[in-house]
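Common to both upcoming complexes is subunit A, partnered first by subunit B, then by subunit C.
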Partner chain A sequence: MEGILFWVCGGLMVFGGLMMVVQRSAVVSAVWLIFAFISAAGIFALLSAPFLAVMQILVYAGAIMVLFLFVIMMLQGPVLEDDRKRLALPLWPAVAVPPLAVVVMIIGYVKRNGLTGMGGAVPEEFGSPVHVAELLLGKYLLAFELISIVLLVAIIGALALGKDERKLPWK
Partner chain B sequence: MIIVLDTLAKILFFFVLIMGLVVVLIWMERKGAAFIQDRTGPNRASIGGVRLAGLVHPIADVFKLLFKEDVTPANRHKALYNMAPWLVMTVALSTYAVIPFGDHLTVAGRKVPLVAADLSVGLLYVLAIASLATYGVVLAGWSGNNKFTFLGGIRAASQMISYEISMGLALMGLILVFSSLRITDIVAGQGDLVLGFLPKWGVVVQPLGFILFIVAVFAETNRNPFDLPEADSEIVAGFHLEYSSMKFALFFMAEYAHMVVGAALIATLYFGGYQIPWLPRPLIEAHAGLILTLKLIGVAAVSLLIAMLFFRRAQKEKGKFGDARDREPVLGGGLWVLVAVAALAGLVLKPWTIGPVGADLVASVLQIMAFVAKVVFFAWLFIWVRWTLPRFRYDQLMRLGWKVWLPLGLANLVVTALVMAIV
Partner chain C sequence: MEITLTHYLLLAMTVFLTGMVGFIVRRNAIVMLMCVELMLSSVNIVFAAYSRFHANADGHVFVLMNFAVAAAEAAIGLAILVEIYRRRRTVNVDDLKALME
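Let's look at the complex of A and B:
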């Protein structure tokens, strides 16, 4: 059952990613990306990581992609003639690159670990919010806080870029 | 196999509840609006002269929308245009999977928890689905290829981003208090008492968080005073302007389904869900006979009172319309008398001698009824607010979301964390 679901989610994800790349319309591309993100959330759920699965939908499929769509629509306006054409050409890099990446990843994995099965049974609480929180606020606290500082810098940078230059506090 | 059947039954319960409430809410909205604006409201549609005070109107609506021509703009984006209404409806109907509508029900000796999917990350699931709800509206706005629908879609996107943050912050305070993301844990925690006499409801332990949350829910359901995406005085009908027939009906139904889900969330997270205040489940089971007897008597008394009000109205408004409508109050009063008679007839079965199996059933049914009553009340709150408050201006909406609600949410979170650390 899990195996079937894995292949369904994985297949849908690859398909969504592919469709995202070959679309001519930016809005439709974004919609396919959302589709791929939600399939990825399905894979996280199957890998007994419910917290990550929901976060994938909440943060990526929900918040970030709404913002993406918002920006695309703001810049582009209502439906363009191009939006109604089906696919972008040339297709071949889009079709060729993802399978290539998968093959490279498989070769890398096999070289390092041999052809044994992946991992064993996971502990009971693995991937639960409590487990993730213990790791993030315990073992990886420094990295976690540093990432938040990176985000803060990015926000301030965006503000500085977006604001009228003469009104910046350091000018 | 049996678990699959259980789950299907639970899904069906909520589906029927939502779809039934959608019909009732459309009626409630019209009659409520009429009541607030001091007019009569819809009372013309009838089946063979039976008008049911306007309850026939939703049926007329259904037939009208089903048989209407589906007019579509020529320059739409076809795929997204067709997908958007379904997306809105699907998302509206997905949230309830994690909302418990009762503690458990004993079926043939098995304890069945009354929640379709008891996720360990239930609260986050609610937020995740809420964040997906925008797509239908945004894509509907864009794919119609019309400036007004486009503005509606853009407004929906920015409004949702602004209010999702304060919604999440408000819920974080709740998570701190009940120290769980599992919604069943949160509801179970609300069965306790604080200070010995107040039910430990979310609204009691998180009053500010409740206000933040309820405003954010209003914004997320696109209901007045936050219905900027469809503000009819500014952008005609906003995102659903280019839709007609059943596609429009889907948007319309989704709005009410969102209301039901929003009401269920408010009731579950901040008003104890299925918990009856001061009546924890063991107490109900211990005194099931007494409670059932009192309840039957109470139902009989209340319905007799309502029947009397109806009859008084029939007396007062005699000959007001000069047609079949004059007999409506008599009909309504008669129905309530029937309810009272049925309740009193129930007393013949000696409900005070109920056994332990029956006691369990009584407790479950009472809790489900408490939950439904709360949901209906908060759905009415949505209608009440819509016809009482004027719409926000767009800049006011943004200012409230980012400059008032966000800092308040952060303050609420910090204060809650401090209190939790000290106590």
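Let's look at the complex of A and C:
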């Protein structure tokens, strides 16, 4: 059962990523990326991380991608036209090398016969909101507080970038 | 066939390289940012897979931090792109070579 779900979710995630790269329209790319992120939520659920699966859909597929779609729609006309130029010839090696590397590594792993296994069984509440919250508000409290400062700085930065320069408080 | 850590790592690698190729191929700065998001997401899968492998949820905390960093990156990146668009009327990276010349 886990095997089928892994191949379905993983396949759909890779497919969504590929379609995002291949599609010319930025809006269509963004929708395929949402598709890939929702498949990634399935992978998280398989890895007994239910809280992460929910957060992946809420934060990534929800908030971040809505922001992307909003900006694409705002700049729509020219953004959609520009991507129709042909790929420059010297770029082809750069594009071909990564997929070749994937093929070589997969063949290498298959030849080695040494799959790692998946560790033992995990407790029932592993990865639940309670379990993650205990870590987040206990052992990693400092990181939790610091990440809120990162977000605050990002908000201030986005505001400063978006605002008319002459009206900034330090001008 | 049993699904092992190796499967998850190979999946994450494939997704990461898809994002990397997209970053190289695409000329639209917004789509390039989306490729970066895809690469970040594949790293999250690695964190979650090792977390499960060692039955230790510390990796989940790192994934949550990664979510916050990705959100901050998207917000700042898109704000910069909107500002570039306002001045240059394009977000095609081939047309933005002020630093290259």
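The definition used in the following text is that the second predicted complex is superposed on the first by the 132 of 171 C-alpha atoms of A that agree within 3 Å, B and C clash if a C-alpha of one lies under 4 Å from a C-alpha of the other, contacts with A are read in each partner's own complex, and residues count from 1 in each chain.
Keep this in mind: a residue touches a chain if its C-beta (ideal position, glycine included) is under 8 Å from a C-beta of that chain, and two chains touch if they have at least 3 such contacts.
All values reported here derive from a predicted model rather than from experimental measurement.
Chemist: Kindly classify A:Glu2 by the partners it touches after superposition: subunit B alone (first), subunit C alone (second), both, or neither?
Modeler: In the superposed model, A:Glu2 contacts subunit C only, not subunit B.
Chemist: By the touch definition at the top of the document, which applies to A:Met20: first (subunit B), second (subunit C), both, or neither?
Modeler: A:Met20 contacts subunit C only, not subunit B.
Chemist: When the two structures are overlaid on chain A, which partner does A:Leu141 contact: first (subunit B), second (subunit C), both, or neither?
Modeler: A:Leu141 sits against neither subunit B nor subunit C.
Chemist: Is A:Ile107 touching the first partner subunit B, the second partner subunit C, both, or neither of them?
Modeler: Neither partner.
Chemist: Comparing subunit C with subunit B, which touches more residues belonging to subunit A?
Modeler: Result: the larger residue contact count on subunit A belongs to C.
Chemist: Go through the superposed model and pick first if A:Phe51 touches only subunit B, second if only subunit C, both, or neither.
Modeler: The answer is both, since A:Phe51 touches subunit B and subunit C.
Chemist: Could you look at A:Leu67 and tell me whether it touches subunit B, subunit C, both or neither (first, second, both, neither)?
Modeler: both
Chemist: When the two structures are overlaid on chain A, which partner does A:Ala158 contact: first (subunit B), second (subunit C), both, or neither?
Modeler: Touch status of A:Ala158: second partner only.
Chemist: Shared contact residues on subunit A, subunit B side and subunit C side combined as an intersection?
Modeler: In subunit A, residues 51, 55, 63, 67, 74, 78-79, 83 are touched by subunit B and also by subunit C.
Chemist: Can you tell me which positions in subunit A touch subunit B when the two form their complex?
Modeler: 25, 27-28, 31, 34, 50-51, 53-55, 57-58, 61-63, 66-67, 69-70, 73-74, 77-79, 83-84, 128-129
Chemist: Which subunit B residues qualify as touching subunit A in the complex?
Modeler: 75-80, 119-121, 124-125, 127-132, 134-135, 138-139, 142-143, 145-147, 150, 153-154, 157-158, 160-161, 164, 181
Chemist: Any idea which subunit C residues touch subunit A in the complex?
Modeler: Touch list, subunit C to subunit A: 1-8, 10-11, 13-15, 17-22, 24-28, 30-31, 33-35, 37-38, 41, 44-45, 48-49, 51-55, 57-58, 60-61, 63-65, 67-76, 78-83, 85, 89-92, 94-95.
Chemist: What does subunit A use to touch subunit C in their complex?
Modeler: That would be residues 2-3, 6, 10, 13-14, 17-18, 20-21, 26, 29-30, 33, 36-37, 40, 43-44, 46-49, 51-52, 55-56, 59-60, 63-64, 67-68, 71-72, 74-75, 78-79, 82-83, 85, 87, 91, 94-95, 98-99, 101-102, 105-106, 109, 115-120, 122-123, 126-127, 131-132, 135-136, 139-140, 143, 147, 150-151, 153-155, 157-158, 161-162 of subunit A.
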